[in-house]
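Pasting the structures in now, so scroll down.
First subunit A sits with subunit B, and in the next complex the same chain sits with subunit C.
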Partner chain A sequence: MKTYLWQRLLLFVPTLLGMTLLTFLLGVVSPADPAMVVMTMDGMSAPSAEELLLKRHEMGLDQSYAMQYVSWMAGVLHGRWGVSFIDGKDVLGTLLAALPVTLSVTSMAIFWVIFFSIPLGAVMAVYYLQWPDRLLLLLSMALTSVPVFWLAIIAMQVLCENLRIFPTSGYGSLRNLLLPGLILGVGTIGAVMRLQRDALLAVLADNYILTARAKGLPFFYIIYKHGLRNSFITVVTMLGNYISGLLGGAAIIEMIFSLPGLGTLVLAAVQARDYPIIQGYVLMVGCMTIFVNMGVDVLYVLLKPQLRLEGRRDYDCR
Partner chain B sequence: MFYLRKCKLLLVFLLLPAFIFAALLTATPSERPQEITLAAARDLAPGEKDPYYISSVAMVWESLIATDNNGKIRGVLAESWQPNENYTIWKFRLQQGVRFQDGEAFDADAVVQNFKRWENMGYRASSFYGFLLARVYPGYVGIRKTGPYEVELLFSTPQPMLIYRMINFSSSMFSPKCFDVKTGDFTGYAVGTGPFMIVDRKAGQYVLLQRFAGYHGAVAKSEFIRLVNMPNAATRFSALKAEEIQGVLDIGAMTPSLLLALQRDPRFAVSANRNTINQYLTINQSHWPFSDPRMIRAISLLMDRTAIVKYYFNQQSQPTVNILNFCNPFYKDLPIEHDVPEAIRLAHDVMGDQVYPAIFLIPQYGLSRYSYKEVAEYLQAVFQIIHIQARILILDSATHARYMETGNYDFSIGTHGLANYAPESFMEGYMASWGSNNMLYKIGYHNDGADGIFKELPDVLNMNRRRHFYADLQDMAALAPPVIPIDSDYNVVVYNQRQLSGYQATTYGITLDQIERQ
Partner chain C sequence: MTADKWLERVAVGVWAFFFLVAALAPWLVPYDPAYVDMQHVLEFPDAMYWLGTDSLGRDVLSRLIMGARVSIGFAFVAACCTMTAGLFIGTVGGWFGGRLDAAVQMIINVFQGIPGFSLMIALAGILEPGFTSMLLAVVLTSWTGFARVVRGEVLRIRSEHFIEGLRALGAGNAFILQHYVWRSLLPVISTLFTIRLGAVILSVSGLSYIGIGLQPPLADWGLMVNEGQTYFRTYPLLLYAPGSCIFLLCMAFHILGESLKRRFVSAGRVYK
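Moving on, here comes the complex of A and B:
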């Protein structure tokens, strides 16, 4: 297990380097001059050629691309992720201030995913090919197909504007996160429902379930204790991928619900060609994705003890 | 029971959300029931690195010189001013008895420190107005204190229009204790002399203002006002309807279509005032057929500005053919022209029966604030009358700027505001052959008459003569436009009239100090 984790950690370095290089190259090939963007961001000013040259020098844009990349990477390794072209603030500080917001929304979305999709998926498996299964299958397909921004607008009108159950925007309490989290998680709920159904159906077809039933154990207990636990392995594996998707998808939700997270930050940065922020964002989200996938791997082994035993057996053989 | 006991985790799973819901759905009562919450489309308090920290909308800081809603210059922290005979030295007498919100006295030393800050900080970008001392105060040499409440500004060249340049953002004053004079950064919350002071701020989320009891004028009517950042127009609309906020303010507070929907609800009222922004159609005049001034005139005559304002701007602006915004004290009222037969004739003289394929740019920022897409589609339709087939491209701000910089466009719709009220600081940019906007966006405008005036203007110290020149320039721009003006904007704000009173739009912001809960 340890060897495996070390291997993953070592793979982490070239993956990150590749990511940063790609992000940097995107900045290079993109059409706009950041100095110009900064000096015209108020929509009123038109800088002179001298003012532009000065600004380009101040921002380090008059250096070669290789030098720009190397100096940025050197700064990253020392904890200096650069300063935003637009507001001059420290990139790492800005990202760290926005990170908890995105993590909160994503966590809330995962909570909703687990809360809805696991029990509903189990119901679908238990009532396989009966009307609850068909109904929930239809629901899951609808949830996966519905566009998130449309659902957000409708939910905001009904639940916030008319019924006033949830606040429309803001950040600061769990109450602010319930609806954005739910909307963000809706697509994943639909997907995981079907995944859970299929995984549980596969487990329920196993002989040990038949044995448990023959021993007279209550059906709900068999599902809960033996069925669900073993079916989680498939779901947890996929959940790692879904979390990465949720992190990316949070941007539009943050924008709609006025949440000051990483998504809102990077959308503004992309608009303004604020490369230091974009590079920092890619670096941070890339690290998070890699760590989430590693966490999933660990969870996978914890949920399936025979994997540990197999690993030990392999080791013993050697 | 045995099996249920074995399923403790399941029980926790089922009960936990119930507890969470019970706790969450009980809304906590506000700490300050009289607090007013208003929303804006952008962060009104960008913070330490911004040259002003917070927008003037928040009334935290005041300037030496400002303008009233009729565009008239008035002293705020400067009581009076006097130039020497060649306008190279301006003496300012300051208001006495004014204190910053931190208790520091506002005096000549404070003004000197503010100017020293600008000298050191170089160009500072801002979503309000970028600040560069050399641009705001051209020919600036230095400042000297000539008395406890008197300073002199020194210039290398005559500056007859200085007070028109110094309005609002250009002469904002802060307590010297709240900024680093060497870097220009704020070291904490901005501290000004205005009727409100900052008591709390979460970057990108909100800024909480408290009434400043020691204000030198009439104190504000509300004790606490929270300005929140809501970038999405639909969210601001929903928050207003849900009564989470009591009003919206600042540029693009509400899109015209959402404004119409709100006007149908008796809870809401709209207030509008002239602001300093004009909408323009920029035409790349560096190549055929637009290099021929007759073609530009044809396009100007083809546009039905009154219909554009009526149908696409919800009557919240005023049609104009004047390049200068109507807030400017030198603005000249010019008749609106709309003459389709003449436009067709002029275009035919230039193009004959040829068809010209054109690129029409829309910057993305404008879509959420204005009905640019609809206006562009209207223009696309009318251009076909003169055989111009425009292809509309919606581009993000940076790419849009790049297209314009490289001259890769025929038309572009956009806004331009007045950073100050010296007409040449705006007009020269577009009308002079060497004008920064003219060159930067490859407009290709050339007008010998305008060039002559701009060359002569720096030496014209007589204000009447300058006034004539400004009027001539406006006439020239109407006849041969460097950019085609469409309309002059109104600052349109919406508020809940059942909850608030005293909420009125001003040229830049609202009457924040006058609003109170009903």
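Moving on, here comes the complex of A and C:
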């Protein structure tokens, strides 16, 4: 089991390398010359061509891209993620300060996803092809098709301003996160409902369910004890695939609900052409996604050791 | 199954309606969608402006119609590019196998680990926001979905006996791929294509909403939601009209994709 786990984790090495390479390339294609930016940061000096050349040499910008990548990578590993073009602050520090907000919104979204999708998916499977199933199927498609930014504005108006159920904005307490988390999770709720339905249907088709029913166990006991528990493994491990979508989508939600997270930070950086922050954002979200997927892989092995030799369930087509 | 059929027909109807509107947009618009008329700012719907005007006095209906053209047009281009990339890479991996396949699989894995929407934001932010950077962002983040499915299908078809027969008859790679492999991929591809269209419209409208997608004065639906949100308490149509267009169209694509999927599964073809 241990060797298998290591093998699985080793598979993430090329993914991590590829992700860092892509992030590095983002910096290469960005139209700004870092040497120029550093030298004109005080807003007063206009460097001569020689000074610029010297600075470029000093910063290693005259080396080949491969060399630059290696030294950039070494810097990233040592926590030197560059400095912001705008305020000259350390990128990693700025990102880490915003990270908890994004993480809490995303966690809240995941909470809502589990809270709604598992029971709704179970209802769909139990009433397979009957009207509750059809209705919920339609609902799940609606949830995955609705533009979240639009829904967020309407929800804010109706639930926060008219009905005063949730606070409109602010960050600090759990109450502030309830609505943003829910809106962020809406698309994923729709998708995971379907997953849960299919997973439970697959389990319910198994022979041991037939045995349990033949033994005369109550139907809902079977659903809960045998069905839900077994389908849960599939669904939880599939959740990892949605993390990256949630982390990315959090940007829009944070902006609308004015939460000071990574998304708000990167959108401001986009407006200000603050490339190091954008680059750092991709690196951070990318790493988080990969680490979550690693965690999910480990979880999968721990939850279902008999599947140790098969590969992880293929990603669904999105 | 009658309810499904009914739903499917409605979806096809919605799709056809939007498609026609998009195709005929330049002849359908009652006014120039970009024409700023400060004499008629924020008007409620009347006989002259069927859906009212926005904060710059532009006709909302005209902007919606042009928005359909922009959204659907972009989604088609993006989905075609994504499909081509996915089809090519997936076929290379699945058909030739060996080291090439291992490399393809590794690249797919790398790209799959990349958070799509975040990369879209970054690309739009680092390149100039606009059509090209959006296209690049969408294709870069979504070709893996096609490539993976195509690879799997090609791998499956490759081991079938009739391929061996074709080879014995002297058919070359290009001939078999063109006449047999790609043709049998059609159902899978068309399903993925339909779903992808909806997904592209959704993510592009999101990017346009936050101001880094398609740029004004283009009349994009996401952009219209953004412009309308300031005034929507008094002029709710400015928000509801473009938003519900996005919603309806995406939903139609979704339902169509699902019914295509179901049709091909019940026709005995393996979908996944």
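Everything below uses one rule, namely that the second predicted complex is superposed on the first by the 237 of 318 C-alpha atoms of A that agree within 3 Å, B and C clash if a C-alpha of one lies under 4 Å from a C-alpha of the other, contacts with A are read in each partner's own complex, and residues count from 1 in each chain.
We take it that contacts are C-beta pairs under 8 Å (C-beta built on N, C-alpha and C of every residue); 3 or more make two chains touch, one makes a residue touch a chain.
Keep in mind it's a predicted model, so treat the numbers as computed, not measured.
Once chain A of one complex is fitted onto chain A of the other, the partner contacts of A:V270 extend to both subunit B and subunit C. Of the two partner chains, subunit C is the only one that A:L26 touches; subunit B does not reach it.
Of the two partner chains placed by superposition, subunit B and subunit C are both touched by A:Q157. In the superposition on chain A, contact is made by A:N293 with subunit C only, not with subunit B. In the superposed model, A:A97 lies in contact with subunit B only, and not with subunit C. With both structures placed on the common chain, the touch criterion links A:A142 to subunit C but leaves subunit B unconnected. Shared-chain residue A:S244: touches subunit C; no touch with subunit B. Of the two partner chains, both subunit B and subunit C are touched by A:M255. Across the superposed pair, subunit B and subunit C both touch subunit A at residues 30-31, 153, 157, 255, 270-271, 273. Contact residues of subunit B toward subunit A in the complex are 3, 6-7, 10, 13, 17, 20, 24-25, 27-28, 46-50, 122-130, 132, 135, 202-206, 228-232, 234-235, 238-239, 241-242, 244, 364-365, 396-399, 401-403, 405, 414-419, 429, 436-437, 440-441. Those residues of subunit C whose C-beta lies close enough to touch subunit A in the complex are 3-4, 7, 106-107, 109-127, 142, 145, 148-149, 192, 195, 198-199, 202, 205-206, 209-212, 222, 225, 229, 232-233, 239, 243, 246-247, 250-251, 253-255, 258, 272.
Of all residues in subunit A, only 30-33, 36-48, 51, 54-55, 58, 86-89, 97-98, 115, 153, 156-157, 160-161, 164-165, 167-175, 178, 217-218, 220-221, 224-225, 255-258, 260, 264-265, 270-273 touch subunit B in the complex they form.
Residues 11-12, 14-19, 22, 26, 29-31, 134, 138, 141-142, 144-150, 153-154, 157, 244-245, 247-249, 251-252, 255, 266-267, 269-271, 273, 275, 278-279, 281-282, 285-286, 289-290, 293, 314-315, 317-318 of subunit A are the ones that touch subunit C when the two sit in their complex.
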